[in-house]
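Both complexes shown next keep chain A, but they swap its partner, so chain B is in the first and chain C is in the second.
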Partner chain A sequence: MKPSMLSTASLTESELGQLRKAVSLGFANAASGLSLMVDRRITVSSPGLRIIPIGQVPGLVGKPDEVVVAAYLSISGDAAGHILLVLSPDAADDLVEMLVGYRPDAMAALDDVERSALGEVANVTGSFFLSAIADATDLLLQPSPPAVIVDMAGAALDVPLIAVAMTMEEALVIDTRFADDDHQINGLFLMFPDVASLRLMLERMNRLDE
Partner chain B sequence: MNDHNTISVGIGELYATRDPSAVLAAYGLGSCVGVSVFDPVARVGGLAHIMLPSSKDATQQTSGYKFADIAIPALLQRLLELGSMPRSLVCKIAGGAQILMAPDHMNSFRIGERNIEAVMNALQQYNIVPKAMDTGGSHGRTLRLLMGTGQVLVRTVGGDITEL
Partner chain C sequence: MATLLVVDDAAFMRMRCSKVLKDNGHTVVEAENGVQALKKYQEVHPDGVLLDITMPEMDGLATLKEIKKLDPDARVAMVTAMGQQALVIDALKSGARDFVLKPFQSDRVLAAVKKILA
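On to the complex of A and B.
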């Protein structure tokens, strides 16, 4: 990955390494949060840090017109960014069943109970992720209330991407896959940090390291 | 559907062609708008996958076809270069949904609606009024322009395909 690709935030290799370390901690913490909720072990893959043209981001999720269940959170406070949790409809149904004790009707739209269960999953994973990053940077990071989206993957991704596209040609995407041992719960956690915030986060990490 | 010659026009991209076997597709339009323009006489067509209303909103100078005010003139210019006549252009658009209904998410506030407005304004500069539209609402869409016939098909998230 060439750091120069990201026009407004040329990241050095060592900064990328630092960032990777911080988000790994964040994702591990998010996985513990989810484990507590569903009472089973959840593991996360080693995070990908990609700087790619905005047009290529939907490809990370799969086919852009395939239906997904996504939950969106925006990050505010000392730093800004976006979090999108993406699940296949099957995985979302599994998750709802674990949380509320019944399986949603596959043919029907999600009802309020099911939506709020998935929103709570996003809330917990997002908050656990952010609290680990906040600890590593000593910054105040607050997640918004979650919004659950059942739609084409491309449509769900429009939500964070329009914000990124205001300032950038390329998106810095931090992603990880999470799954339980028998791969019943299996999904994608995407984070789009605001580039100005990224600078601040790196400075704070350096300061705290000294 | 035969996807053999399908050309995916990604978010913030545009594409114009004379190839009658091509199918131009904008997949998973949420708040984005797919703008298809076809000249049935010259058999030239193009598609833009627009993300944002105006390049003036950008907090810094960015290029690209993600903005309506840049993409529409660029698309029409490409079509002219390929031999289309401004008067015979047939424009059809889809997308511009409001995916997030929650008031907590202000960054995407009315973005779909503003995208549609901006597309209409940009087209008006060229005296083009869309012949058909499937816009708004709160669901995703996929738009396809079949270059062989000039047909525009829209598939919604439920799976229904309608011709615009």
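On to the complex of A and C.
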């Protein structure tokens, strides 16, 4: 391993616990936000959180030639990185139906409203997650407006993976479940902070937790 | 009931906002960017404007200033995401009468409309 890289082993249980707490708080707030948007109760939960080698991320979202729907945000401010919400086409259909009230005709040809609805889910979830981390670290973390990509898994993951591959060996993977009375939708919420940013966040979390 | 111009680059947010307003008897005109908003403002002369802050090309703040040049009495509420307090303050100084934080509740949108039209 290159000396500048961060490994899972270097994260303590306490640091992982802090991350889980930020995810839990961020997702609870995201659920409230999404519920406000559609005037109906939506829950967002995280059945699991783990850090995996970046090389394993493509395999996690499917075969390279399988189509996925990915909503992408970049992080700027006191830390830098990327956030990606990755969904299977079926899950994306369900999510559009949950928000807009109808299923898309064809995933490959999402209209403006359907694409924007998926972007807003990523935006709300990512913003509240970053806000929870910002509150826990006293850092300014700003998400970019969302971009929605419908592409083969390999292509959809290229941008964030290329951007972080030089400084980061691992990605934070958050299993994510959106639900209402009629749907249970599973997706993957991936966060790729650059190595300096992740170190800074963990350092601040530890310091403020003491 | 009033004629309102809803300006947001996100189609889903325009749809949500428009539905809330139409369900409450208002007439809605939509624009997806600042340039289109200025054109529609001149065409329609709406009673009020709900204007998203974060938009590509001409953002909400720049659009607000241009609308105010066209009509110093324009009644505008800004629609803003979390963490944009500084921009909201700029907008209020530039003549916006209220702001709505996204993600928004229907009642909050209606309250903002009531306030800017008062």
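One rule holds in what follows: the second predicted complex is superposed on the first by the 133 of 210 C-alpha atoms of A that agree within 3 Å, B and C clash if a C-alpha of one lies under 4 Å from a C-alpha of the other, contacts with A are read in each partner's own complex, and residues count from 1 in each chain.
The rule we apply is simple: a contact is a pair of C-beta atoms (placed from the backbone, for glycine too) under 8 Å apart; a residue touches a chain by one contact, two chains touch by 3 or more.
Nothing here was measured: the structure is a model prediction, and the numbers come from that model.
Colleague: By the touch definition at the top of the document, which applies to A:Asp112: first (chain B), second (chain C), both, or neither?
Modeller: second
Colleague: Count the residues of chain A touched by chain B and by chain C, then name the partner with the higher count.
Modeller: The partner making contact with more of chain A's residues is B.
Colleague: Of the partners chain B and chain C, which touch A:Pro145 in the superposed model: first, second, both, neither?
Modeller: Both partners, chain B and chain C.
Colleague: Check the residue A:Val67 against both partner chains and state whether it touches chain B (first), chain C (second), both, or neither.
Modeller: It touches chain B, and chain C stays clear.
Colleague: With both complexes overlaid on chain A, does A:Asp158 touch chain B (first), chain C (second), both or neither?
Modeller: First partner only.
Colleague: Please work out whether A:Glu169 is in contact with chain B alone, chain C alone, both, or neither, and reply first, second, both or neither.
Modeller: First partner only, chain B.
Colleague: Determine, under the contact definition given at the top, whether A:Arg103 touches first (chain B), second (chain C), both, or neither.
Modeller: The answer is neither, since A:Arg103 touches no partner chain.
Colleague: Can you list the residues of chain A that touch chain B in one structure and chain C in the other?
Modeller: Residues 145, which sit in both footprints.
Colleague: Over in the complex, which chain A residues touch chain C? Could you list them?
Modeller: Residues of chain A touching chain C: 33-34, 36-39, 99-100, 111-117, 119-120, 123-124, 127-128, 131, 140, 142, 145.
Colleague: Could you please specify the touching residues of chain A with respect to chain B in the complex?
Modeller: Counting only chain A, the residues touching chain B are 8, 54-58, 63-65, 67, 72, 74, 144-145, 147, 149-159, 161-163, 165-169.
Colleague: Spell out the part of chain B that touches chain A in their complex, as residue ranges.
Modeller: These residues of chain B touch chain A: 10-13, 27-32, 51-52, 57-60, 62-64, 66, 97, 99-102, 104-105, 107-108, 111, 139-142, 155, 157.
Colleague: Residues of chain C touching chain A in their complex?
Modeller: 9-13, 15-16, 54, 56, 81-83, 103-106
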